[in-house]
Each structure stands twice: as C-alpha cells, then as structure tokens.
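The next part holds the structures, each set out as structure tokens.
Next come two complexes built around chain A: one with chain B, the other with chain C.
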Partner chain A sequence: MDVIPRWADVILIPLFSLVLAALLSAGVILAIGEDPVAAVKMMVNGALGSTYGWGYTLYYATNFVFTGLAVAVAFHARLFNIGGEGQATLGGLGVALVCLDLPWPHWILALPAAMAAAGLFGAVWAAIPAWLQARRGSHIVITTIMFNFIGAALLNYLLVNVMRPDGAMDPATRKFPPGTHLPTLHDILGLVGVPFSKAAPANISFLIALGACVLVWALIWRTRLGFQIRALGHSEPAAVYAGIRPVRIVMLTMLISGALAGCMAINNVMGEAERLVLNSVEGAGFIGIAVALMGRNHPFGVLLAAILFGFLYQGGAELALWTNIPRELIVVIQALVILFTGALDNMVRIPLERIFLTLRKRGA
Partner chain B sequence: MDFVSLIAVLDSTIRLATPLLLACLAGLFSERAGIFDIGLEGKMLSAAFFSAATATITGSVGLGLLAGVAASMGLAGLHGLASITFRGNQLISGVAINFLAAGLTVVIAQDWFQQGGRTPSLLGAARFGPLTLPFAQTLRDVPVLGPVYHDLISGHTVLVYVAFAMVPLTWWVLFRTRFGLRLRAVGEAPEAVDTAGVSVTGTRYAAVAICGLLCGIAGAYLATALQAGFVKDMTAGRGYIALAALIFAKWRPWYALWATLLFGLLQAVALRYQSIDLGGVTVPVQLMDALPYILTVVILAGFVGRAVPPRAGGTPYVKEK
Partner chain C sequence: MTLFQKTLGAVSALALSTGLAGAEPALIYDLGGKFDKSFNEAAHTGAQRWSTETGQTYREIEMQSEAQREQALRRFAEAGMNPIVMTGFAFGAVLEEVAPDYPDTTFAIIDMKVEAPNVRAVEFAEHEGSYLVGMMAAMASKTGTVGFIGGMDVPLIRKFACGYVQGAKASNPDIAVIQNMTGTTPSAWNDPVKGGELTRAQIAQGADVIYAAAGGTGVGVLQTAADEGILSIGVDSNQNHLHPGQVLTSMVKRVDVAVHEIFSAGTAVETGTFALGLADDGVTYAMDDHNAALVSGEMVTAVEDAKAKIISGEITVHNYMSDNTCPVQ
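Right, the complex of A and B next:
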C-alpha cells in the first residue's frame, strides 16, 4: 500500500517543491538588494498583464511543451533524454531545409511538411544514442549530452559555411519565403473578433502543442505501445517476461521523444524567427527536463508546467529590462525546480509520508 | 609545421588540458565510488567565479583559490545530499547543479561588480603567475632540449604542475591505499563494503568531497591562471569534455592523462588554426570542436575497446535492515 494518497503525490509534492524553490529564489532576490514582492508583481504584470505579455508567455510555453513532452515520454521508459537541445536544433535544420528549398504557396501545406521534417530530424538525432543504449548498453544520458555538442557543432558549420547567404556576415540562413509564414494568435483570434497583440510571437504552433499533449496522453495510456513503454519503465525483467522486446521499445520511445523535441522548431524557427540562426533553441531543451519533472510526466502536468515556465521566462525578461535583476535569475529558479522536484524529491516526500502515517494512525 | 609552432601548440595543449585533467580526475573519484557526476561543469564554473571574485576583492590569489574550492565543495555537498542521503537521481542532481551555477554566478557577479556578469580583470598578485623551473634560463639556448624545457615544461602556473602531479597521486590513492580500495569497492559492490563494517555513506561522501576539491582547483585555474577574471559561462562545456575524457580513459588515472592531453591538443589546434588543410581536404574548425564528443561516442559504442563503468554507478545504496 502506498503511504501517500495519489492526489498528494501528484499535487502536493510538486507544489511543496515549487514553494521551496520560490522561497529560495525570493531569498536570492533579497540578497541582491531587490524587493521580491515588487519583482513578482512586475513579472505578473509583464507576462500576464497584457495580450502582448500573454503572447510571449504562450510562445515560450509552446517550446517547453514540446521539449517537456519529449523528456516525459522517455521518462516513462525510464530513459533520461537530456538531448532535447540537440534534437530541437536538428529539428530547426529540418524546418529550414523544407521552408527554403521548396516553393510553398500557403502555410497550410508548408506546416505539415515542416513538422514532418522537424520530427524526422529530431528523431534521427535521438536514434543513434537510442541504438547505442538498446544494443550496446552505453548510457543514454552521456550519449545524448555528446550529441547536443555534436549537433551544435554541425549546425555551426552548416550556418557558417553552407547555408549563409553570400555576402552576409551573420551566421544564419536567409529569411523564409512568405508562403511559409504561420498565422499568429493575433491572426487566429482576430477571426473570432478577439483582439490580441500583433507584436507577440505566439502562433498556431501553440494549438499544435496542445494537440501533441492529447496525442501523447493517448499514446501513453491508451495504446499497446504506451503500455509496453510503461511496463519497460517499471521493470525490465517483468517486461521481457511479458514478451516485450526492450530494444524495440527503447528505440521507439526515443524516436518519439526526439521527434517531439524536434517539432519545437515549428514554433521558434518557423513561427518566430522565420530563418535559422545559431543557438535558436536557447536552452529550451534543458527546460524540458524541469517541465517534465514538475509535470510528473503527465501531458496535462507538462502543459501547466510549460505555461509556468513561459511565465517565468517572459516575466524574467521584464525584470531584466526594468530592474537590476539579470535574466539568469530564471536559470536559478529552473535549477531549483529541477533540484527539488527531481533530485531532492525524497527530502519533500519523506516528511510528507510521516505526516500521512500519523494522520492514518489517528484515523484508525 | 616548424619546430617553434609545434612547441607553441604543445605548450597551449598543456594549458588547455590542465582544467580538463583536474575535472576528469574529480569525476574519476566520484564515479569510482558509484556517484555519477554530470555536475563537473557547474562546480568548475562556481569555483571560477568565486575564485576570481575573491581574488578581485582581496587582491590575493591564494584566498581566491580557497574560495573557489569552498564553493565547488559546497555544490559537491549538495550533490552528496541529493544522491547519497536522499537517494535521489544523481543525473538530475548533476543537471540541477550545472544550472544553479550557471545562473547564480551571473546573478551574483552582476550584483557585486555591475559589469554584465563578469569580474574585473585580475592584475598582479590576484592572479597565478608563471613559475620558472630551475636552470630554465641557462638551458634555454641548448638546441631542441632548451626550447622544450624552457618553453614547454617550464613557465606554467603552479596549478598546472599540481594537476599533473595529481595523476600519480590519484593512482596511488586509488590502487595502493586502504581508502582507495574501499572507494573502488563502494562503486562496485557497496553491500560487500557494508558487510565488512565500512561506512558506504562516509566513503561516498569522501569521494564526492575530493571531486569538489579537484573541480574547485580546475575552476580557479580557469579564472585566475588561464584567464584573468571570470566571464559568464567561461567553462564552455569543459566539464562535459572532462566527462567524455573520463569515459575515454575508462575510469583510469593514467589513461585520463592521455585522454585529456588529446582533447587539450584538439582545443589547442582549433584555437590556433581556423581550418586545417590535410592534402586537399579542409577540416573545418567545428569538426575539431566536436571531435572529443564524437570520439567518446565511438568508444561508448564499443567499436574500439569497451568502456565499462563502475558496476554500482548511479544507484543509491539502501542499507539492509
């Protein structure tokens, strides 16, 4: 019998971890001589106080939904895919190739093609570490870290030496043609008469991210493959005994995970920058880890955590603009969330278990 | 390539291999004891900042080194708390530590120095100066041997010699002392060590502390010897290269020396030449940057010898009741 009821495991523990992370972050803000309450007010105002703020918050959240789902799917098979950064980088390459090399008449045609390319490139970048893990037993954490660096070097080479337009100094591709321009939330909400900021980068990818959440939920809890993934994650010997082939499941899980991370590129590369630049992922691959941990690997949790981090990102940018608090404060918060929800989970869990045990004894 | 530029490249190899070597040996202690550590990068970064900051404020590089080591050991303690005491996921703890260091160093640097997340440039006694070994000046004009001794072996900072001395010392501690035997044993079969009446927790904490110490020296070297001050993200992936070198070296001290020298050479060549012409084929600098990682993946794939990590690595030890 579990000591902690499920609702406490799903809600209370992440909440406690979040409160701890928030308190420590407030401590950091105090220590550098700023006012935490004013900082929170400014963040809420900047990120949620206008449709412009919401547009950025949702734009960031879209990135984090994709990378968070990527980490979560792999976690279900007890694989730690830390390579979302590299997979999303390669996904960007796929998007750029599709958008630049084919004459697209309309985004409705370009988007599925770009998504397919992004997913394919991301999956390929996850395939080699997956194969090494499945066949050779090389630790997937190490290989995916290595592939992040290899991917960054590859993209650096391609942008500097191959894809850069003649005469341009900037290591970036040329701008994508107008036929690949994705509708923004301003355009979409405008159809139903809701006013939304024109300058914010949130676009139709957000809706696709929501769809991805539903699909991942269905995959994990409503399909045979999802069952096999979870079975493998719970116990490999039991899964093997049940006739599940670990090599196949590890490969499939990582391909799906890599494809999800790669699909982030439709948001940041196709939807926002509309060209491929160096370091286009900007750490979103790593934030996926925090998002998956906080969201307890459930797509709905991932969505909530992604919006929270989107809020932190946009709010943090506002703070950096108006106060002496640098943007890197968000990295600290991100680190604390990963620390408390991932590594120090037992520190929160054990006292909570004690409380529930005493409550139960009293009740009995 | 002529003799002078060869010496220059090798000299720069030694400088660039030093932080890799220290971090690699740090990881070796930790992972041999069964604690995976992908937080080498973060520990080095925090040490780099606190050593540079302390050296700036006090003007003493010695105090800077101490502060750097203390910061790194603090993070090592956090890693120990998460992965030994609370039996958490060691990999996730390492990731968290890397981000914690990346964020905190810039936030604090901005608060203390207001220079966009860097420390002021270190001058004079706030920085490690080069040591001239005995007879370096007199032997200077001897052909071949003179330049090798004067330009390559002599003239580094004290931390370089410390790093190289750490290789035999690490070998001796791990393979010739009782502590080393126990340390390796808790990485392979902690239950056996526990049965023998030795504290698994204590031994693992000791290993993690040594890891923090060595990462601290590595970070201090970066900010106060290799460069003159801290800049944002100045470790630039060196912690991960050290991790790659550790696998490349199959968790052995002498191999660690060769692996880090090889990766240091790659960095030195990439730094000096933007692209290399090998008989008509141009090797882009990006390939040189990626080569340590590619080589490590090849090693991990088991095509060239097999790298087997310590058996109990990554798993927390739960004492039998």
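Right, the complex of A and C next:
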C-alpha cells in the first residue's frame, strides 16, 4: 500500500534531511572562515563528552519533549498548536504560585501539585484559542500565536508589578523554598552510585517526560478518545458521521496539548531556575513544533528528536562560548535542521519514493 | 579513575583544545549587548585594555535571554576561568547561588551588592556623577526645561535620575525636569527606537538638554537629540564623540577601570564590596575636544566647585537607593 516501507519513512527520511542540513551548515561555517570539523567536535564534546554536557542536553531535551508532545497531540486532530511558548510561560506562573504560596515539606508533595498547576495553567491558556476554533472558527494558528504575546505581556506585568520581591531590581520572583527543590540527576544517579555532574540542571522531570511519552502513546493509540482525535484529524465529515462531536474533541485535544506544554515548567522553572524569570521558556515552545514534525508525531520519535535538539542547543551554547562563531549563526544551524526536517520534507521524500518505486519494479 | 575525574579531564581537554591557558579571566555581558556604546561597552573597553597591555586573552559572552545567566556563569566556572566578571545587577540572584558552588573561583559583579567570601562587588556613586551633569544641563538649558530618559525602571536608574534632578535644581531652582523610563524589563536597555520617541516627546514639552541613562537605548536618544538640534548627555562610557558638538557631556562611570583592575589583579583580586565615587574618579563628567565648545568656563568652575564640596562632604547628594525616595522631583 505504502510507496516506501515504514522504516524508510521513520528513519531514512529524517536521517537524509539531517545530513543535508549538516552539510549546508558546514558550508555556512566554512563561509565565515571557521573549521566545521572542529565545530562539530566541539559540539559533540560539549554536549555529550561529559556528564555536565549530558546534564544540559537532557535538561533541554526534557523541555522539548513536553512541548513536542503538546504539538504532536494537537497534530493528530489536525490542529496546529503553535502556542506552546505561551502555554509553557503560563505553566511557569502556575508552578511559581504553587511553590511560593504554600509551605511544602518535601518535593514528593510539591511536584504533583506543581505539575497539576502547570498543566492547569497551560490548559487554560490553550482553552481560549481552542474554544474560538471550535465554536467560532477562528484559525487556531493565528489565535495560539497571539496568545503567546498575551502570555508574555501578562507575565511581564506580574513579574514587574506583583511578584517581584521588595527591593529587588530584576523582574523575577524570589527563590522557591527548599521544600520544592527537585532531585537532580546527580542526586538520583548518586543513589545507585553513578557519578553525575552536580552543576548540570537535568532533574527528575526528565523521567516524568519519559512517562509523558508513554501516556501520550497510550492515549493516542489505545483509548477511545485517541481514536476519536485521530478520526477527526483524518476527516471531519467522516468523524461527524461516526457520531464524534468535533467541538468536544477539539476542546479536549487542545486542553491536553496545553497541559503538556505547561508541564514543561516543572523542568525549567521548578527544576532549574527555582524562581520564575522573564523569558524562562527560551523558545522551547517553537522548537516543540520542529520536534513533533521530525518525530512524525509519535511519542518515541518526539523523544529522539527532543534529544537531538537538546544536543543542538547545548552544543550550540558551547560553540557560542568557545569560538568566534556568532550566536546568530548557531540559530541558523538550528533553523536549517528545522527547515529540512519540517518544511522541506517532500524534497527528500519524493526522490526517495522514486528510488523505492524503481527498486520495487525491478524486484517484481 | 572515577567518571567524575573523567569529566574534569574532558572539560580540561576541551579547554586545551580551544587554546586556553590555566586561569584565564572571563567577562559576561548582560542583556543590552557588548557594543551598547555605554555600560557593557565600558566593561569591554577595560578588558581590551588589559589584553593589549599584557598580551593575554580572556573569554567573553553576551547574554541573549534572562534564563541563560546561570548556565553561562557555571560554564565559565566549570572550565576554570578565574576571575569571572559580570556586568549588571540582574546577575545578583544567580551569583548568590552559583558562588558558593565554586569556592576557589573569584567572581566580580558590577552594580550589585552580593555578599560571599569569593565575590567582589563593585558599586558606583552614580548619584554624585549625575548631580554634576544635572548642574551642567541646567546651566546649558535656554528653555528652563531639561529631560531625563532612563532605561529599565529600577531603583538603580532612579538613583541616576534623582542625582540629576538634585544637581539641576541646585544650579537653577526653577528648572523643570521631565523624566521618562523606557520600560520595565531588560529589553529597555536595548530599544533605541523607543529612546528616540521619548526624546521627541520631551522636546515637544520644551526640553533642550536630555540625559540618557539607558544603555543601548541611549544611542537612540543621542541620535534624535542631535537630529533635532538639542543637547544630550551620555552615560557610562564617554559618548561625546558620537555626535561631536551636540553631546554636552557624558556621565562617565569607570566600569572599564573596575574591570581592568580586576583582570590585572587576576586570581589574587581582593573580594568584598567596593564603592567608587567622585573622590576616586569612579564617576565623573567627560571633557574632551568634542564638547569643549559647549561647556563654558563658568560651567566648569561651578561643577568643579560642587565636585570638591561633594568630596569634602559639604554637599550631600541624596542616594535614591538608600531609602527608595527622592527629595526633589
């Protein structure tokens, strides 16, 4: 039935896209007079060459798993949620409120509460565009991206005027109390005797992100709701004919999507900064789109793509630190990966399909 | 060999592979950017001067977002950079957290008090320097209205504003001072367009000398002031040369000297809190060929007189940050 076998679709096409992006990036690095081989070495060393590098790579990957899953869930209902940025920002607000306002004795209690708040705030932020889409037909791409700006403005206002402690100049909340401190990978791996860098911010949220991958897989492929989401995504008239109510599914899908994006805050706000700062999301909401595209909207693919982007982020930070390659160029490299894996999918796919067709004809 | 040692090995191997010497100093610029022609650039100037004098190198990085501060700080400390200098009060909270993790590394922070055994905090008496340029603004103004444009609305910038108003009123009690802040977030340090708009608004209200204490935003203020034919006052670095004959003076804050001093002392740099004022030329008003024609002898006499009196304690300039209020408006 399919033109190309599944393994080629899942592995070969992303791999080809990556190689193309890498070649083009190497060309760009050459053009500014730097050595691409040294640059790659430095990225690999910096991101994977030490437990410190791994700690940061996994920390970023955790962010991208949450936002990637958020985009992937929405994609299954053919909804393009590009509001992960805003939903994660609001999730951060939820985490901050829970962590600051209640006296937490231990993180085991604080973490579920913070997750609930992060998910709730993210879901609420996705609910308004979802309702506008489901009821009023306002396009979700437009409304979710606008809600990113509203979210940023809201957080600006709250951090500057309400949540900034007296006497502080930087718009950020005060530090969360020690009872909300999440165990880092250093602490967790230390229990089983594996030494891991103490300075790196990767924490227990990474395990929660892995759990989220499993849950999303179960939701999409093993539940009635997941079936309804996919049915709606494939064909709305057919779904309606089958008795599925589009408004309900659109709302539910976006609530789940927003909650997943919001849950990213347990990693960056509660796990790393332990205070809410401006721009805490750092573009992870948008990277989530690329991660979902590259991961083919499958949780396992999202996980792999998230780790790849975690590597690019951490490796990119190392390049910016130790070389004269300007940070803007690192954004160019990341953008090339997004471009090739996301937007230019057909450029690789169509020639590959031709090759497979010719091979099959010969075989037949 | 434990994995931890391997980690250290990998880090140092990386350090060697990129051509680093043992204890190289590092400099981190906050949002606003290295080439803001003002605060961060002053730090850059100081580091460059040290580099040309000694022939040694240093590492530097510019922050792109608020959330990167901790990683940058830790990365330099992990890699053995020492001392590590950072510009701006926003690093305060992060440094308080990171400094105890690296007791053998010396950190230095400009514009913020952080108390830790391995931290050198450098603060400037910006209110005193602003007082002097406030006097000059009032004397140069023909309309009787002068302006102040701040960057991010924080006590530190209000300290500049308050000193400026006190100086202006001391020289001319009837002077009107219009004050504006560019914004409430760090993006206000790098918004020359908004700086220009605020300048136009203040000119419309009659201001003919405008003092910009706004980092990179000030570039827009000085440009618009020059375009509209009024005088402006630069900040932090000597900005007189940006528009020769149109910048009255600059309230120079010797961040460059502070950075140079720290880099020169190297790992042996003394920690603790250091306050630099008029007496040790930590802050001053800039005089050079570019503004010589704008500043009359009478102005210089008055300002030098006030400077001597502030140093001797005869005049006390109120420091906004001491009680978060300003006695004059």
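Methods note: the second predicted complex is superposed on the first by the 361 of 364 C-alpha atoms of A that agree within 3 Å, B and C clash if a C-alpha of one lies under 4 Å from a C-alpha of the other, contacts with A are read in each partner's own complex, and residues count from 1 in each chain.
Note that a contact is a pair of C-beta atoms (placed from the backbone, for glycine too) under 8 Å apart; a residue touches a chain by one contact, two chains touch by 3 or more.
Just so it is clear, the structure is predicted and the values come from calculations on it, not from any experiment.
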Inset, instruction - Could you tell me whether chain B and chain C fit or clash when both sit on chain A in the superposition? - result: fit
Legend entry - Vertex chain A; arms to chain B and chain C (CA centroids, nearest 10 degrees): 60
Inset, instruction - Go through the superposed model and pick first if A:Asn81 touches only chain B, second if only chain C, both, or neither. - result: neither
Inset, instruction - May I ask you to decide whether A:Pro195 touches chain B, chain C, both, or neither, giving the answer as first, second, both or neither? - result: second
Inset, instruction - Give one of first, second, both or neither to describe whether A:Asn156 is in contact with chain B, with chain C, with both, or with none. - result: both
Inset, instruction - Identify the partner contact of A:Leu278: answer first if only chain B is touched, second if only chain C is, both if each is, neither if none is. - result: second
Inset, instruction - Please work out whether A:Val28 is in contact with chain B alone, chain C alone, both, or neither, and reply first, second, both or neither. - result: first
Inset, instruction - Determine, under the contact definition given at the top, whether A:Asn297 touches first (chain B), second (chain C), both, or neither. - result: neither
Inset, instruction - Determine, under the contact definition given at the top, whether A:Asn267 touches first (chain B), second (chain C), both, or neither. - result: neither
Inset, instruction - Report, in whole Å, the shortest distance between any C-alpha atom of chain B and any C-alpha atom of chain C after the two complexes are superposed. - result: 5
Inset, instruction - Pick out the shared contact residues on chain A: the ones touching chain B in one complex and chain C in the other. - result: 156, 160-161
Inset, instruction - Over in the complex, which chain B residues touch chain A? Could you list them? - result: 38, 78, 81-83, 86-93, 95-100, 102-104, 106-108, 110-111, 117, 232, 237, 240, 243-244, 247, 284, 286-287, 289-290, 293-294, 296-297, 300-302, 309
Legend entry - In the complex with chain A, residue positions of chain C that touch it: 2-4, 6-7, 10-11, 13-14, 17-18, 59, 61-62, 64-68, 70-72, 74-78, 89-90, 92-93, 97, 101, 112, 154-156, 184-186, 324
Inset, instruction - Going by the contact rule at the top, pick out the chain A residues touching chain B in the complex. - result: 28, 31-33, 80, 82, 128, 132, 136, 138-139, 141-143, 145-147, 149-150, 153-154, 156-157, 160-161, 286, 289, 293, 324-326, 328-336, 338-339, 342-347, 350
Inset, instruction - Could you pull out which chain A residues touch chain C in their complex? - result: 41-42, 45-46, 49-52, 56, 156, 160-161, 167-172, 175, 194-199, 201, 268, 272-273, 275, 277-280, 282, 317-318, 320-323, 327
